[in-house]
Amino acid sequence: VARASQFQARIDADERIEPNDWMPAAYRKTLTRQISQHAHSEIVGMLPEGNWITRAPSLRRKAALLAKVQDECGHGLYLYAAAETLGTSREELVDAMLSGKAKYSSIFNYPTLTWADIGTIGWLVDGAAIMNQIPLCRCSYGPYARAMIRVCKEESFHQRQGFEIMVTLCRGTAEQKAMAQNALDRWWWPVLMMFGPPDQASQHSDTSTKWKIKRFSNDELRQKFIDATVPQAEFLGLTIPDPGMKQNANGNWEHSPIDWDEFKQVLAGNGPCNRDRLAARRKAHEEGAWVREAAMAYAEKRKSRQLAQAAE
Amino acid sequence: VARASQFQARIDADERIEPNDWMPAAYRKTLTRQISQHAHSEIVGMLPEGNWITRAPSLRRKAALLAKVQDECGHGLYLYAAAETLGTSREELVDAMLSGKAKYSSIFNYPTLTWADIGTIGWLVDGAAIMNQIPLCRCSYGPYARAMIRVCKEESFHQRQGFEIMVTLCRGTAEQKAMAQNALDRWWWPVLMMFGPPDQASQHSDTSTKWKIKRFSNDELRQKFIDATVPQAEFLGLTIPDPGMKQNANGNWEHSPIDWDEFKQVLAGNGPCNRDRLAARRKAHEEGAWVREAAMAYAEKRKSRQLAQAAE
Amino acid sequence: MATANIEVSETPLVLYALRRADDALILGHRLSEWCGHAPAMEEDMALANMGLDLLGQARELYTYAAKVEGRGNDEDKFAYLRDVRQYRNLLLLEQPNGDFARTMVRQFFYAAFADLYWRAMMASSDATLAAIAAKSEKESAYHVRHSSEWIVRLGDGTEESHRRAQGAIDDLWAYTGEMFAVDDSERGLIDAGIAIDPAALQPRWLKTITGIISEATLSLPKSDWMQQGGRSGSHSEHLGHLLSELQSMQRTFPGATW
Amino acid sequence: MATANIEVSETPLVLYALRRADDALILGHRLSEWCGHAPAMEEDMALANMGLDLLGQARELYTYAAKVEGRGNDEDKFAYLRDVRQYRNLLLLEQPNGDFARTMVRQFFYAAFADLYWRAMMASSDATLAAIAAKSEKESAYHVRHSSEWIVRLGDGTEESHRRAQGAIDDLWAYTGEMFAVDDSERGLIDAGIAIDPAALQPRWLKTITGIISEATLSLPKSDWMQQGGRSGSHSEHLGHLLSELQSMQRTFPGATW
């Protein structure tokens, strides 16, 4: 109990908790869950965008998209490394995702239908991710906070790239602009759901706030995101698919009610791509098994050869 | 010996040999080899044309091509059935092909690069096949002769379809006509090689002729084919890629020397697609194994259930 | 700026015909992908047969849509010059072939529906649709027979085939609800006696399905959550890849005759 | 009649640059197909890295070809608006990814060549090509290292990985000869000191290859028969499928800016 209050005192004093420091089991568990979910999201998030690498409409866009998806893989790797500092191996974490036990962000269970979806993901999905992640750069757990600093830097680059794709589409032909509008229509509501359930229904917020893992409520972040996005949509000449949305006296944009049933369905596995995403990751994992085994077998052979040589 | 001369007398009298008739072991072996090679060719021949089913440029062409490739599969099935009457099972015959022991026509080791190749295969490859096969409709072995009658009917339909594709291309845009010419350039010499080595170098002809399996020599059939094809190429406005070709006093078109080294290379496995073709057939066979096993397991279960029911 | 996609006036009857035409084309295309690669030569024949039936249905339905629309479109323009969001087929039918079990389960789910559907559509007040229905129903009856025989063989075959068949059922089940859905555009045609209400067929469809599935010692998922979107152009990621192949020639050589 | 394929004036220098650009684009595209599907996340990173290097090389080479040609073409027109017969890449590089062993063997065969090739090309009398060579050589050196480490791991790993690696070597070997072939068009550039003669590199290439292959306990096929055609547009069946995907957007929306 003394250690627990000492721990909370350190948090309250804005000290960083490091891997070898004592921490409550629940703190460890919460962070392991959150960081690994975040890592899984980066890895699963490679799939919807990866779907357009082979069809990107110019070489410049192709290279940028490939680089972006590669960055996501890199984020996944740092985040798994951060999670591992809490005592669970990457292999266990990945297995939990592949078996369906661990979650990843539901936004990646929506399909990328057209090239405009690539722009929209950069603009809105990365935009929403940044809103969620910037406060995490000051998270109480050191390795996570440091990983987020690096991730956020790259994400805002991606967000700008995505917005620029949208600008190009909206200045293009009527077909291109319609493609952009259609993508916004399909992604808008799922993106708002990325911030999680409304504050009165959120499960994890209380302790997360106390431990300075979470610094803003879901609704606060969602509001910030909407207020930032509305003028961007206006700039693009696109219509946000919420006819009931209106600006209130404080200048904030109030959105119509969100269909949380859809959110729960997608979370429960009933999104358009849940099965495809898991199947794709499982396939990569299973078909790669012989490669990973070969690498291990070779490393062992090499080690025993070196030992034998040293003994001569 | 008495049976052998009796057998030859029947052949000489143009009688048909049927499965239950006595026949020399060499006759059985020759025919098994020839019919099964022919069957393998139909099955492997599905691949180069099948390569364009998903990309056929109109729905009419798509349906016609799918129907054509299906016919080839049907030909393969009759021919395996004809070969089985000689005492070797389809399974053994197919295994010999998959293991690379049994041959199929080398023409199918060339790739289909453009849609014009589909026209050219119909026009020239089927055209050459018909030249080879029409005499086989009078072959001394009954089941083979009957199979060939059916095959030839369908092949000439395919040949006309192929020629019609070429007509459309040659009446089309400059790009389409160039595509047609390029296809002719690539297929011409391989098609001439379909008739086999020149007569002075052919291995099997002597006994095959005596047994009325083969009624014309390789060179005779090749000449017939060239004489029939030259005016068709003229009609299309295409140039046969043999600048040395000239018409002799008898009206026959004499071709320049054929590069038999290429023929031997392709026969030895070194054609552009030999590995791909065998790999595709092996993959279909291996990936289909569990399906065939399931069908057998079910048939056995059903049989034993019926027996059990009958016994009640 | 050149544009290669046609515009379509999706009046209810045009949309109706395009939806069914797209169903037939996309499933027919998927079946044609097997050609030369099937688990047995007899199945190469059967899959091509079913593919040809469906391509034939697609062509008649596109031709009728073009006639009704009257804007100079034709079967090839509809097939080759619409982008992924203009396609109107059921999501079920664009799902990849996967293994033979998956192809057969997809075929079975759809054919068992199509057979009932086209039989009922023979009573359409639209003579062309009634004629197409009569032909399609005969073909679908064979598709049901062939695919249901395979479901039973695979389900009651080996452990592996059972596992694969059950996996295919579990994965594809959520796409079956869309077959019975009706939107406003189609409701008008139903009220006018031109189309029939697919929802009315669901009990009979379910009876066929459960009969065969249980004979096959397989089971249906408990979940009643259903995925939709194909009818209004919200497709899965698979359709775009299929179209990039299907349309490549017409897109590469615009305006040429083949 | 609209046509969507560009015409290219294939003067020796334009053709030279296009051939190398096509090599880099096609191999880069193949590597990018792995993205999200690699056997380990570290390999997702590495394959994307190599793919990005190659895409970068392709873009510089296309841009140079466009400049030399001077007919208003550009990197995207070269990449997206040439048909399969206009592509000039090595057959090796268009071969499908297959399993990881096949991808790595293809990479190893090519990178071991490209590294030597670009190093020698740094002495080109053409300043642009020399500069591209200097950059490409550095990148290729990493590709050689990465792929040869995998060849050794796979060859000397498990029985299965050995079998797969050997199979890939046997299947791809016949495509390596084309790297060293020179036609009349290129001979002129070699004589002028603009290009180098790849044939001169073959002994050193073979030495690298045999060294790694033998360290990996693998062996090279005995056959010295070599397949050619890519440099003059006679490709395998695989390239057309790759292009139908690569070019689908530009073909579907001709003339649009992205």
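Residue numbering begins at 1 within each chain, and the chains themselves are lettered A, B, C and D in the order written.
Please note the rule applied: a residue touches a chain if its C-beta (ideal position, glycine included) is under 8 Å from a C-beta of that chain, and two chains touch if they have at least 3 such contacts.
All of these numbers come straight from a predicted model, not from anything done at the bench.
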item	value
Higher-contact pair (C-beta pairs counted), A-C versus A-D	A-D
Rounded Å distance, chain A centre to chain B centre (Cα mean)	56
For chain C paired with chain D, centre-to-centre distance based on mean C-alpha positions, whole Å	40
Geometric centre distance via CA averages, chain D-chain A, whole Å	34
Multi-chain contact sites of chain B, meaning residues that touch two or more partners	55, 173, 175
Residue numbers of chain D (touch at least two other chains)	1, 3, 5, 83, 240, 244-245, 248, 253, 256
Category of the chain touch graph - line, ring, star, complete, other	other
Pairwise chain contacts under the document criterion	A-C, A-D, B-C, B-D, C-D
Residues of chain D that touch chain C when the two form their complex	1-5, 83, 240-241, 243-245, 247-248, 251-256
Chain B residues within the chain C interface of the complex	43, 46-47, 50, 53-63, 66-67, 69-70, 73-74, 76-77, 115, 165, 168-169, 172-173, 175-176, 280, 283-284, 287-295, 297-298, 301
Residue numbers on chain A that touch chain C, as the complex places them	48, 51, 55, 111-114, 173, 175, 179, 182, 186, 265, 270, 272-273, 275-276, 279
Contact set on chain C toward chain A in their complex	1, 3, 5, 83-85, 171, 174, 223, 225, 227, 229, 234-237, 240, 244
Chain B-facing residues of chain C, complex	25, 29, 32-33, 35-45, 48-49, 51-52, 55-56, 58-59, 62, 75-76, 79-80, 99-101, 152-154, 156-158, 160-161, 164, 245-246, 248-250, 253, 256-258
